[in-house]
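Take a look at these structures.
Each of the next two complexes has chain A plus one other chain: chain B in the first, chain C in the second.
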Partner chain A sequence: MSAAAEERSARAPWALTAPALMLFVGVLLIPLAMTVMLSFHDWGQYKGIEPVFILKNWHEIATDPYYAEMFWRTFRIAILTTLLTALLGAPEAYILNRMSGRWKSFFLLVILGPLLISVVARTLGWALLFGGNNGLVNKLLMSLGAIRSPIPFMFTETGMVVALAHVMMPFMVLSVWAALQRLDPQIENAAMSLGAGPVTIIRRIIMPQIMPGVLSGAIIVFSLSASAFATPAIIGGRRLKVAATLAYDEFLNTLNWPLGAAVATLLLVALVLIVVGSNALIERRYAEVFR
Partner chain B sequence: MRRNGPLALIFHAIFVIIMVAPILVVCLVAFTPEGFLSLPTNGFSLRWFRTIANYPEFIHAFWVSLGLGALSSLVALLFAVPAALAIARYRFRGRDALAALFLSPLMIPHVVLGIAFLRFFTSAGLGGSFAALIIAHVIIVFPFALRLTLAAATGMDLSVEMAAISLGAGGWTLFRRVTLPLILPGVISGWALAFIQSFDDLTMTVFLAAPGTETLPVRMFLYIQDNIDPLVTSVSACVIAITMTALILLDRFYGLDRVLAGKGDPGR
Partner chain C sequence: MAYLELDRVAKQFGAQTVVDDFSLSVGKGELISFLGPSGCGKTTTLQMIAGFLDPTRGIIRLEGKDLTAIHPAKRGLGIVFQSYALFPHMTAAENVAFGLEMRNVPRAERAERVRAALTMVGLAGYEDRHPRRMSGGQQQRVALARALVIKPSVLLLDEPLSNLDAKLREEMQIELRQIQRTIGTTTILVTHDQNEAMSLSDRIVVMSQGRIEQIGTPQETYEKPASAFVSQFLGKTNDFAATIDRTVTPARLVAGSWNAPAPAGLNGALTVSIRPERIGFGDSGISAKIVTRIFQGNHWLFQCDSECGPAIVIRQNDGKAQPAEGEAVRLAWRPEDMSVRARAGA
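Let's turn to the complex of A and B:
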């Protein structure tokens, strides 16, 4: 290659990515930086936003127990949702993987399809199923004898967790599914020929190998649940606030933008720390799987 | 490999029923002949679908969503295709960092993006405008457009390009006549997936939309906040039908597992 051509090929990737890079710096990084700055501004009912540097909003979040309770609720719902999707999604992915070709792709479409259907429509479905104390879910559970008195689902954390788990389930199935694709089916046969029973095979052979898939699915589900908006807003109603719905209220109802920006910044920082931290842990723990 | 036992199949059946139930119930209630929320026990009726016509704000919101999805996915591809080609073909310093930046809208909560864009566009004097919505949607659908184009560009046979170059093709001709046709399935699927993401987004858009630029999910959400009646189920049923059509087309032409698994993702 001539010197000129070499120089051109060194510049080419930058020329090709420059438009996208400028777009991302201009309308993603700058707005995010502006939001962090906004959280340090002052606000008053009558004076509006004052561009001064003040720790008022952060102080309020740190000292007012309302915010501690709200963040704890947000993360509690996200943790329960993650556990529920892992407990149901991992076995389902395993069962799905053992089906024959045509059924496998049909049910994969049925289970992953909802991922692309409007969250508003899916949550509306749960609102209809829960519908007060004589909703379909309660009627079914009572006729099966599983419960004596109706469980309140609407405007409760229970309802939020159930609906969120449904919304997030495809991510977990997909993640475990991807891990199962890397698994050599012969290992299972080898274990069987050495006399291992089904329980031993699942516990000693399958579980350790799909664990990275479960964990990376858990990270996705957790971070999406902790920042979910539509489902908590519709199922939780106006009183049971989580971080996203509270930030929405501060921005569009109370109009206290700086406080809303502080809530959003805290949510972002907490999630980035949790996600990056657990990713690093998983990759160290399961380094041999990723190699 | 062993087959599924009866217990596994029962688990599977219950799982699938739970996954489908909320979507099915919305579609069924939409056909109720009654004036209130109920399953259509005595006959199906299209009355609630006809009622949509009396609510121009839903129709208008539908057109806003459609235009927004189509345009923002197209603009995202204009930026994503060159970027994908660079990331797929060249090993350069900062490549991983760039890929991470371009995929970062997947990791940033949409509520945070909504707030950041609201603040940004309000101070730029574009608050509540359709242009602001387009730019914001370009950012959130960019990772999907990039991923699928990247997958296509990574799997491409470079010797075809070499042959074209040796025959004298260069620059724009090379891209238009050789490269683009080869990566086109990935580009089209990227557009479709980006469109669906834009069409369905509520969390970010709810911060940016003003009366007149409300998208369908935003209109539905604001409506549900006030009351839930059969009208919103018939609107939802239409949305579900549109998404299902796009989904089946996507599955036919590209394979849904490939679209969703994001095989071209360099970070994982």
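Let's turn to the complex of A and C:
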């Protein structure tokens, strides 16, 4: 092969990936870089955005306890949501996997069906059920005399966690389901023939094998919950802000774009660090199961 | 007395009968094969012994006790699955130790027995390997060690060698037989491979469509097949239509131009069955023409077109001249080399 041809064939992969690469650079990398740059700009009520390089926004986030509390709340909600989906989703997937054919496909549809409905509609459903004095469940329980005042759900962290867990459940179930598909269909019989009871089989044989599925589901649910916007906006509103709703408010209400950009950048960096770090941990811990 | 006994065991799934009227006595230390094509009910029967399925009818007894009343986890049987079903998150040693752990065997004794079991299957030094880092044959050995380490009353093998390549399979057959002889565990082997069944078993249970066709030693089932199915399934065979000629005394058994003194107690339309290696070329007998002649090293394989239909003949390559393709020959055999039965559908 001549040197020219060699050079041409070395360039071919770049040429072939160029369209996708340009799209990726154009709609993701450049806006992302601009957002990061924006977070270093100055802003004032009357002067607007000034393209200078200062650490004012970052200093404000680092020193004002309001932001610490807000970020802490964001991750607390995401962690609790992840725990709740794992505790409910893993058994759900296991039971689903043991069902016979027709029921299995029916319930899989029931679990995945909500993905077809907008998050806003699903969250508003919770608001309809538990929203103050007029919430359907609250009304019913109050008229039955079971409770005196409405169950606190709206504008509470509990409400946010429950609604988010409902929205995120399909991702956890699907992830555990995929891990269950990799199980040897005879593995439970093998354990049973060696004298293991049902609890031991689940604890010693099934759990360790589906753990990677639970953990990768957890990473998906955690990152989606920490950056969720619609559900915290509807359930938490202005009273309980999380990182995503705060950034939204800074951009569209206060019009303090640089501060909003700093909040968004910090959320992104924190999420990337957490996800990449835990992914590395999981892959090392479960190297044998992943092979 | 029978060690393991199956008494008229049957299994139905809905309206479909998968195993029917299955009766068998297994002696202690015996190695018995369930042999049959896929879907003949052999694995279903094994799963009923293991306890993963409950028989619809019939009783399974182990040393006189009703086995079906015992939970599968308490039966104490060793099972090797076709897929091995090793625990992928445990090392080889942990896999083997699992059954001992369930039996609360003390740690020191456990370690000793695991080591001995792995040594027995030739895997000493592989204790810390995970199954996914082992070859198919090694995984197979771990599965065998895991089943044997609990000193099972019966060892159940569900197509244990079918996932190995031909050469390894042959080696494992020999090894499996040696291990079984050494420790003397009563063993049931499910297989669809007639060579495997013949080379390993003390007795073979030939099954077809959920029913037992024949129970016998490998030699019996091969030499004296009880049905057309058995003779077809175990190796190659020639089936010729035959009748009893009573116009002469003593009466004679006639198949085409071949005849012999009629055995007593036979009447009507018959089928004679002769193995290809028992047929010789002679001066009298069924007239045939050789269609193809195939050289296979230690023997010749002839496909013939005879007056009784297609026939196969195998001759040892003993250095003598063999008939050529297209040559007219006569096929003859000794009466004691054939089995005679009533013709199906007649």
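The rule is simple: the second predicted complex is superposed on the first by the 256 of 291 C-alpha atoms of A that agree within 3 Å, B and C clash if a C-alpha of one lies under 4 Å from a C-alpha of the other, contacts with A are read in each partner's own complex, and residues count from 1 in each chain.
Here is the rule we use: contacts are C-beta pairs under 8 Å (C-beta built on N, C-alpha and C of every residue); 3 or more make two chains touch, one makes a residue touch a chain.
Worth saying up front: this structure is predicted, and the values here are computed from it rather than measured.
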- line: Between chain B and chain C, the one with more contact residues on chain A is chain B
- prompt: Now for A:I95: first (chain B), second (chain C), both, or neither, which partner does it touch?
  reply: first
Query: Just chain B (first), just chain C (second), both, or neither: which does A:P208 touch?
result: second
Touched partner set for A:N189, first chain B, second chain C, both or neither: both
- prompt: Given the touch rule stated above, what does A:N138 touch, chain B (first), chain C (second), both, or neither?
  reply: neither
Query: In the superposed arrangement, does A:T200 touch chain B (first), chain C (second), both or neither?
result: second
Field: Those residues of chain A which chain B touches in one complex and chain C touches in the other
entry: 185, 189, 192
Message: For the complex, give me every residue of chain B touching chain A.
response: 1-4, 8-9, 11-12, 15-16, 18-26, 29, 37, 78-80, 82-83, 85-87, 89-90, 92, 95, 98, 101-102, 104-105, 107-112, 115-120, 123, 135-136, 138-139, 142, 196, 199-200, 202-203, 206-207, 217, 220-221, 224-225, 228, 232-233, 236, 239-240, 243-244, 246-247, 251, 256-257, 260-261, 268
Query: Residues of chain A touching chain B in their complex?
result: 9-10, 12-14, 16-17, 19-21, 23-24, 27-28, 30-32, 34-35, 38, 88, 91-92, 95-96, 98-99, 105, 107-129, 131, 136, 163, 166, 169-170, 174, 177-178, 185, 188-189, 192, 198, 216, 223, 226-230, 233-234, 243-244, 247-248, 251-252, 257, 260-261, 264-265, 267-268, 271-272, 275
Task: Spell out the residues on chain A that touch chain C in their complex, using ranges where they run on.
output: 184-187, 189-197, 200, 204-205, 208-209, 286, 288-289, 291
Field: Touching residues (chain side chain C, partner chain A) in the complex
entry: 50-52, 72-79, 81-89, 98-99, 102-103, 130, 132-133, 146-147, 150
